[in-house]
Each structure stands twice: as C-alpha cells, then as structure tokens.
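Shared chain: subunit A. Partners: subunit B in the first complex, subunit C in the second.
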Partner chain A sequence: MKVNRSDWFVTASALLITLGAAFAVMLVMIFIMSETPGETIYYFFAGPLTNKYYLGNMFNSAIPLILTGLGIAFAFRSSMFNLGGEGQVYAGGLAATAVALPLPAAGAFFGITISLLAAVVTGAVIAGLSGFFKMKWRTDELISSFLISNALIYIVDNFITGPLDDPENNLLVTSKIAEQYWFKKIFLPSNLDISIFFIAIIAVLAFYYLFKTHQGYEMRMCGLNPEFARYGGINVGKYMILPMLWSGAFHGLAGAVAVFGTSHACYKGFSGGMGWNGIAVALIARNNPIAVIPAALFFAYLEAGAKSAMINADVTIEIASIVQSVVFFLITAQAIYNFVKFRRKAV
Partner chain B sequence: MSNGEFSIPLIHNSISIMTPFLLAAIGGLMTELGGMLNIALEGLILIGAFFSVIFAAATGSLFLGILLGILMTIFISWIFGAITLYLKANVFITGLATNLLAGGLTAVLSFHLFGTKGVLMFNDLPSLPSLNVPALHGIPVLGDILFGHNILVYMSWLIVVVAWIVIYRTPFGFRLRGTGSNPNAMSALGLKPQNYQMIGILISGFTCGLAGAVLTLNLGAYVPNISSGRGWIALVVIYLGGKTPFGILGAAFVFGLAESLSNYAQGFMDIPADFILAFPYIITVAAMVIMSVIQTRRED
Partner chain C sequence: MKSNKKLLAAAVIFLLLITPVLVFAGGQQEAEPEAPMVEKEEAPEKKAEPFALAVVVPGVTAGSPLYEQLVEGAQQAVDKYPNASMKVVELGFNQAEWAEKMTSIVATGKYDVVISSNPSMPFVCMELAGQFPDQKFIFVDAFIEGHPQMASFLYNQVEQSYMLGYLAGLITTSDMTGANADLKIGIVVAQEYPALNKMMVPGFLQGAQAVNADITLDYRVVGNWYDANKAGELAKSMVDAGVDVIGVICGGAAPGVFEVAKERNKYVMYWDDNSYAKAPGVIAGCGALHQTKLVSEVVEDAINGKVKFGTGVKLNSRDGYIEFIGDDPNYLDIIPAAMQAEHKKVVDSIMSGSLVLEVPEL
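So, the complex of A and B:
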C-alpha cells in the first residue's frame, strides 16, 4: 500500500491534535482535582520512566494491548465491529489456565502450546459466533458481540471463584499454573517477559497477511466496499466470519499471554480494560498492524502514568479513562483531518 | 401459595424493573429513527444516575436532583452529539467514548468529592413519592398491578405517549424519520439532517438522565456501574419493539418480567449469583438472534 507523503503528514498532524487535546484535558483535570498539581503531573509523565521496574512493567502491559489492538484492527479492516474484546480476553485467559492446571507434568513446550491453542480457539469461537449470526441472519455483530462478552464475564467469574478457585488462597483467584510454563522474565525486577519478541513477530506477520496475501486483500476489499467486493466475485459472507475469528483469536491469546507471562493464575477481573484499550490502540494505529506496536506502548504509558500518579500523588487511576475517552471522541473526527488538510493547502 | 398471590407482585415488580429500560429505549428510538445507533445510552444512564442522586443529596430536594441530573446528562449527550455530527466522527466510537467518559468521570468525581470509589449511601434522602389512588386500588388484580409505583414510573408511561405523538403527529417527527430514511432528500428540502439528529440525541440524554435517576433515587444510593448493561439491553428493546413507542413498552415489559422472574428463581433455586447476573445478557442475545431469524425469513 503506497501512502502519499502529504496524506501521511495530515494523518500524523491530526493524531497530534487529538493526543494534544487529550493531554490538555488531563492537565485541566489534574489542576482541578489535585492539591499538588505539579507533583501529580511529574509522577504522571515521568513516573513510568524513573526506574527499571516501572519501565519494564509498562512494556509488559503493552503486550496484551498489541494483541487486542491487532484483533480490533482485523475486524475494523473488514468493517466488522467486535465490541466483545473484554469477554474474549477473559475467557481466553481462563481457557489457557484450565488446560494448563491439570498438566503439571507435561513438557513446557507441549503444555504452553496446547494451553495457548485453547485460548486462541476459545476467543475465536466466541467472536466467530457474532460473525456467524451476522452472516446468517444479519444480526448486528456490534451489539451481539458486546452482550455475549458481558454474559461470559460473569460466567468466567464463576469459574474463577468456584470450580477453579485456589482453596489455599483467600483471594478470588485460580490455583497457579506449573512453574515450567511461566514465560521467562527478561528485564528483572519488572514483569516484562520474553513473549514481547514473539508478539512483535506476530504483528509483522499480521501486516504481511493483511496487505500481501490474497485472503488479506479480499478481507480489506469487503471492508472498503462490500457491494463492490460482491460484484467482484468475493464471498462476502465468509469475510463476516473470518475477521471475527481472527479478532477473537488475538483476544483469546492476549488473555493467555497475560496469565502465562505475568499473573500465572486467573484473578477475578484480571483482564479488565484490555479489550476496550485494544479498540483505542487500533484506532490510533489506523488499523495498521505494525503501527499497533507504538500505539499500544502509548496506551501502556498512559496507564502506567495514571497508576504512578495514583500511588505517589492524590488522584485516582480513572483519570486515565477520561483521557482515553477524549482520544476516542476525537480520533475519528473527520473535521480535524479536513482542518489540517485545508490549512496545508492554504499555506 | 395461590397463583394470584405469586403473579401479582411479580408483575408489579416487573413494572418497576422495566422503567429504566423503557426510558432509555424511548430515547434511543429517537436517535435510531434519525438513522443513528446510539450505543452511548449506557454511559448516559450512568451519568444520570450519579448526578441526580448527588444533586438530590446536595440540595435536599428530589425534584432539583432529578432536574439537575437530567441537565447534566443532556450536556454530556450534547458533547457526544456535537462531536459526532459537527466534527463528523464515527458514531460508534464516540458512543464508546461517552461510555468511557461516564465511567471515568463518575469514579473520579466520587473519589474527589466523597473520598471513595465505592458505594455512596445517602440515608437522609426522601424516597420517591408513589402514586396511590385508594378508590382505584380496589379494582381486583389491575388495581394492585397498576398503582403504588413511584411517580417516575408513571412519568415514563407519559413519555411513551408523548413520544408516539411527537413521532407520528408532529412535523418534527416526520422530519426526524425522514432524516433516518433519506438524509439527502432532507438536504434537498433545505433542512439540515444533523439538526434533527442532534435533537434526537438530546432527547436520549433527557430520557437516560431520568432512567438513571430512577435507579439511584429508588435505592437512595449510588453503586459504581449501576447502569450495568441496561443501555445495551435498551438497544435490543428498541429492535424487539419494532421501533415504535408502544412496541417498546411491550418489549421492555418482557425484559422486566424476565429479570423479575430470575430474581424469584434465585430465591427458590440454588443458582450461583454470577449466572443470575449473566442471565439478562443471555436472554437479550437470544431474543436478538431469534428476532433477526424471523426478520430474515420474512424478507426472503
């Protein structure tokens, strides 16, 4: 895909305006809410970068966001909405844990492979269901994926606090998976683990699939103009299910990676926010799988900053949600792009 | 227990439970008719719930609480509408933004004002007055079912009737529906489709604000995320009600009944609480899929 240089400039400037507005809103919020705004701002911006622990954890929390961002990008590229990311991540994490728990004696490679596979299949089936309903009966996938995901969140909760609950632990958590399955840490003392390299490779492969293969081309064509795609002989129905399967698979994997790399068990609500943030990541990346990596890092930075400001200063972490909502509000605003374009022409 | 003793309180209960669904769905209908699926309903209900109860507690007046809560919700819906329509942003993404903003804003303000992100109890808040007409209460069955609800329940019925009149009997209603079915024709007539859609969105802000007020003022407390999916279920209620106000009234009642039944079932049977919480979503998906199956069959 050739990108016009000036198009690229317009996109980047519009993105800067959006992110600038988001940070401006955050600064205003901090000045209203905080007794010590200077300190809070320092902890928000510099906090995640001040030591190895924070820095590593920031990169670590970008890992599942890259995957959920890829999942959403695949769906968006095909004009499908997957709003069920939250439930798919959660169920994926649970499926991987449930497979790994009875397998403590298996070899690490075998055990990890089939656990991750279970997560991928679980996520794919859940999201694929919405794609299937859409193809078969034109059921709105946006609403159905959200509702299915929300029902699942409660059902996963029930497994975590019920059948799989760790009897020796009072917290709402499953037993820990066997130690040989834990992903290797690469940046102690932080939680950053080796999977970040694999995930980066997956993002590159996703780019290749979407932009360099026949199937990827057909998928994008259905997203750009389904009528035209149908006229061109593409099986449009197939591309209602396939992108949802991919999308769910990425989400399921995100849940498994978060468990195997970081928590080593399913906590109640461990994946909260990963699905929604994936949507923001995909939008900032303009659904480009490679650009998903920096976009996920940006979001991880935002979350880490809010966490640092909450621990060290006097604001609550939800301030990040407000900043995120500003990004959501403005990221698709056509008027901002037109404004930049117009200004550029005028110069 | 005789049959009547069981079913009368059940239906009475269903009517209170359905009220927030009904209100949110009527507001959502206005944007739906204007050609926009409004997924911001969920967040708007939450905004209404939070602000109506804290304003009621601050002013000591239920009326002022509801009024200010609704105004705040209309303001948020205006932001949603202005960015969507005038900055030309994707309505689904701005809808998500509204939901995210609602969750964040309520938590941040709750923490800033009350020092907690948990449940806010307002014990000295007066409870919502309920309508009791002793003379009519004597009517067997119907009297017991229709009276004794709080006034917001009756207001929601009034809103259904007003919505019907507005949609089918006023120039605004014709133009709103025109916007949804053929925005280009509207433009050709010299009317701005965005303005009608904006009014639709503001109406949804009004009804969702009231829906939120019903939730918290009934309880005298604010519970984080008290909207708990009602805005999403309301979207499905709009479809199931065939996109007409009275259809929505019927569909909302079915949902109220289902939820009220599942509450009763919890009392009788040993069903885990998580499954009870999942139940409304499951029946909503099921209803939605069945509806689309029927519709596709009819069209083919």
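So, the complex of A and C:
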C-alpha cells in the first residue's frame, strides 16, 4: 500500500486539526462546567495513566472498539455503509450469552468457541441482510442497516428483560455465564483480559486480508470504483454482501468479547456507543485495520479520562460524550469531504 | 503541496498553543491544596480524624426522589462536622458500567465510607469488596447481612404497598367516578427485581384483597425506567381490560400512565414519595420513605464510628421511615371522607403494630 506524500499531509493535518479542535472544545467545556478546572483537566489527561486499574480498564474498553472499528473499516473500504453496528454488537452479545447459559458444565474451549461463533454468525447475518437487500433490490444499505439495528435493539431488550432475565438480580441483566467461560484477566485489579492479544492478531490478519489477498483487492476495487471493477470482471454483487458479512461478524464478536471478558452477563444496553464509536474509530484510522488499534485506544482514553475526572473532580461523565461527539462530527465532516472529492474525481 | 504543509503547520501550532494550558492545569493541581468539598456549619461534636464520604447515585440524582433524598441526607450530616467531607458520584444509566465505576471510586482510596441507595448495590459491590477489604459500604433501600464491610437498611415495602393496595381496593369497589364493577387493579413496573416481586407486588395485592378477596391484579413490565410512551400503552391496555386503579413503580415512565389515567378518569397509586402534585386529580394515594432522615442519621453514625458493619436492619413504619401521605390537599380532594376514614384505620393499625406485615426473605 503506497501512500502519496500529499495524501499523508492532508490526512495528518486534518486529523491533528480534528483532535486539536476536540480537545479545545473539551477545555472550554471544562472551564464552563467545572469549579476547579485545573483539577478537572489534570484528572482528565493524567487520570487514566495514574494507576494499574485505570490504565488496564482503558485498554479493556478499547477491545470492543477495535473490533467495531475493523467492522466499519471493512464496510467502508468497499463503499458499503454499515450504520447498524449498535444492534449488531448488542445482538452478538446476546447470542453468545444465550448459547453459553444452557451450557454451565461444558468445557471452556468448546463453550467459548461455539458462543463466539454464535455471536459472529448473528452479527454477520444481520449486517449481511442489508448487503443482500442492496444486491437484490438496490435498497440503500445505509438506511436498511440502521433500521434493522434499531428494531433489533428492542428485540434484544425484550430477551434480556424477559425470557433471559435473572429474577434474583436487581439489575436488568441475564444470569451470569459459567465461570470457566470468563476470559482470563491479565492486569489485575483491572478488567483487562487476554482477548486483547487475539484482537490485535485479528487486526493484523484483517490488514493482510484487505491489502494482501486477491479477495481483499477485489473488495477494495469495488469500493473505489464499482463500474471499473465490473468492467474488470469482478462480481460486484458479491462484494455488496461479503463486506457487510465481515462487518457484522466483527460487530457481533465485539458484543461477545464485552460479555465474556468484562460483564460476564448480558446487561440491558451494555453496547451503548460501541457501534457508533466504531465508525469514528474507523474514520480516524482512515479505514486502515492496523491504525484502528491506536484510534480505538484514543477513544478509550477519552472515556477513561472523563471517568477519572468525574470521580476525582466535579464534572459529569457526559463530558466524554461531548468530546466524542465533536470528534465524530469533525471526522465525519472530513469523510464527507473526501467522499465528495472522490465522487467528483470519479465523474 | 504548499497549502498542505501550511495546514499541517497550523495544526501543530494549535496543539503547541494548548499544551501550556494543559501543563499549567496539571501544575496548578499539584500546587493547590485540596478544596473543601462542602461548606461547614457549627459542629455539635468535634472529631480530629478526617472523614471522607462517597455518595454514589446509581443513575442520576435529578428526577429521582430517593436519590435526591440520599444526597440531601448525607449533606445534612456532613454539614454538621468540620472534619467530614463528601463527594457525590453519579453512575449513569448503563448498569453494565456500575461495577467498574464503583471500583474506580473505591480504588482512589480516598473514602472512609461509600454510601448508596438501591437494592442492587450490595451485589454490584460484592466482588470489589473482596479486592478492597478496608473499604466500608452503607446501603439504604437494600439488604445484605453478615458481610463485615457492609451495613444495610431495608424499608419494609410490604407495609407501604399494603397501605396503597388497601386504598386501591377501596377505590375499585367504590362508586367513584371512573371506578367500575370489574374488581381489577393494575400495576406498571419498570423491571422485575426481588424487592418488587417479594414485597411490593404481593403487598399491594394483599392490601387490595383485604378489601375484597375477589380483586385481581393486572401486572405489566415496561422493561426500563424511562419509556413513558410504552408505560402509557400498557396503561391503555389495562384500562381497556377493566382496570380502574394503577400502581406505578416505573420511575420516569410513570407520566405515561398519568396521562392515560387522566384521559380515562382512572386513578394512580405512587410509591416512595409525596408526588400528588405531579398529577393532581389522578394520583389518589402516595406512600413515602423518609430517606433523608435515615441517611442523615446513618451518616452521622458513620462519622462517629457507630455503624455496625455486618448487619442488615429492616425498617418499618413504626420506626418513622415509612408512611402514607394522607394529609395532602390533593388526596383530601379526590378521596371521599368516609373512604379516608376507613383507610386511615388500616394505616393506623400498621403504624401501631396491631397489623403486622413481615418482610419476607429476599
């Protein structure tokens, strides 16, 4: 993958401006919201790095974001838009839990494997539907993935608060999965678990698939110029479904990893923000699977900083959402700009 | 290319400009002594040892009467002691994050005691209590017994629910406007949980059936604490099925029920707080928990080292923490005098202990 120097400058400067603007907004918000802005700023920036617990949890919350970022990157590379990440993560988490719960005595390897498989298949099928609809009836996948996801959220809610609800628990949550399925913690007392290594390997494999395999090449060609790809003999219809399948699979896996690694049960609304933040992560990473890792860490850092400021100073957790929204807004605006530029060139 | 370089340079300059602000902010933090967290008043008793309290709200304070009372009660107690300070931390609505956020609070090592209010909190804190064996917890509106780091205070919700159920029974068997002959009352709850399943719903039905044993209960679950539209839809369906009095234990979703009850001339029973003013003419009965009083007393005890950790205390109306609000003008307007008198007899019998309603095993 050769990178043009001019492109590099555009990318780097746009990214720096975006992040700089986001931090500037955050500083303004802190000065408005906090009575002790110095303290708040200190805890926001330094808090996540001050002890093992905060640091480990920051890495831990980056894990699902890496997966959702990969999912979005796969779709975007093929010019497919998957806006249904939230529902796919949520449904994936539920599917994995629903498979694990009836198997309290199964071996860890077997139980984890089929549960994760269930999550991957669930996510893939949900997102794949939008790809199929696009191939078959030219349905806009941006709309269909969003609508399907929104409907699914209510269905998953219903399962969590209904048939799978744990009546002995005061929270809106399913029963806990058996202990042998819990991912091993590697940085106590934080929640960081062993899956981070596997997720990093998955990101590398995703890069290899996209940029070093024939199928990855065809997928990217379909994204860059579908008409050219069709002229070159590529089955363009196939690449309306395949990237969505991949995208959904990553999202479903993110849900399962969040449950098996951290919460060990499916909480109502546990996936809040993972899908949407995955879009921002992919856009910051310019849809590069390797760059998704630092981008996800950046988002996790924002959230960890906000939590630290909330606990140690006098602001609420919403400050993280505001900064993330600003990043999302600016990055999306940049993406639209690029998209328009690309379309103009294509015409 | 040139313009790209300019753009990059501008971005770098911008980041350099904000860096001193960040560095200054950090330096300032180190230099400044820790600001007092609350204003102090005259202290009745002086204690040399500083006492730091974390008031953890599992949700958000605004709009939740019990959480508002939790913060108010803690503040009242802390204000009396110059050595005491408190910090309020809201955990937000994502329950999946509660344990992690709670752990983050405890991990700071800053707080002598963490106080919270919600039946789920002892279980949320169970695992982290093992990781931080020196941390003490106080839970109100929750029950756990025998854990050396935890003290809990549980309201006898059977009593409150019985009082409200009895009034619902009187209304549904009456000839008040909107009451019908179906002998059906209803309850809309946000979610199922042990205190609800074992105390509140059975207590409500038991109270109604004390009026007429044929009364039945239509029970509906919203699935969250905020969806007023869904609660309204459930209420409509209940009214269509013949329900004329609806109990609401669904937090922010309750206004949906109020609206339907107002449109269809039905009545609502409300738990935990004097909320007649939220829907005048619709809310016919309110129970109340005196959480401000409880929390204030408990926090004072904690500051003075008098809390017995490892115990779970069950509080009833005779202790002064639970009551039925029978003197509100809205209540007096809706309920006929004869019915008020009949209801008062039952409330008095509970308050005096002649009618005993035990808290079941949770």
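Keep in mind that, in the parts below, the second predicted complex is superposed on the first by the 326 of 347 C-alpha atoms of A that agree within 3 Å, B and C clash if a C-alpha of one lies under 4 Å from a C-alpha of the other, contacts with A are read in each partner's own complex, and residues count from 1 in each chain.
As a working rule, a residue touches a chain if its C-beta (ideal position, glycine included) is under 8 Å from a C-beta of that chain, and two chains touch if they have at least 3 such contacts.
Being a predicted model, the structure only gives us computed values, none of them experimental.
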Which partner chains sit in contact with A:Phe133 here, subunit B, subunit C, both or neither? Use first/second/both/neither. first
In the overlaid three-chain picture, which partner chain does A:Met29 touch, first (subunit B) or second (subunit C), both, or neither? first
Let me test your reading of the model: by the given contact rule, A:Leu330 touches which partner, first (subunit B), second (subunit C), both or neither? first
For A:Thr316, decide between first (touching subunit B), second (touching subunit C), both and neither. both
Have a look at where A:Glu39 lands relative to subunit B and subunit C in the superposition and call it first, second, both or neither. second
Just to be sure I read the superposition right, which of the two partners does A:Asp157 touch: subunit B = first, subunit C = second, or both, or neither? both
Quick check for you: in the superposed arrangement, does A:Phe187 touch first (subunit B), second (subunit C), both or neither? neither
State whether A:Tyr209 touches subunit B only (first), subunit C only (second), both chains, or neither. neither
Interface residues of subunit A shared by subunit B and subunit C, listed 157-158, 161-162, 316
Okay, in this complex, where on subunit A does subunit B touch? 29, 33, 81, 83, 133, 136-140, 142-144, 146-148, 150-155, 157-158, 161-162, 276, 279, 283, 315-316, 318-322, 324-336
Flag every residue of subunit B that touches subunit A in the complex, lowest number first. 37, 39, 79, 83, 86-90, 92-94, 96-98, 100-101, 103-105, 107-108, 111-112, 117, 229, 232-233, 235-236, 272, 274-275, 277-278, 281-282, 284-285, 288-289, 292-293, 295-296
Mind listing the subunit C positions that touch subunit A in their complex? 1, 4-5, 7-8, 10-12, 14-15, 18, 21-22, 24-26, 28-30, 32, 35, 89-90, 92-96, 98, 100-101, 103-105, 107-108, 118-120, 123-124, 131, 191-195, 197, 221, 223-224
Under the stated contact criterion, what part of subunit A meets subunit C in this complex? 5-6, 9-10, 12-14, 16-17, 20, 23-24, 27, 36-39, 41-43, 45-46, 51, 53-54, 57, 157-158, 161-162, 165, 167-173, 189, 191, 262-263, 267-270, 272, 307-308, 310-312, 316-317
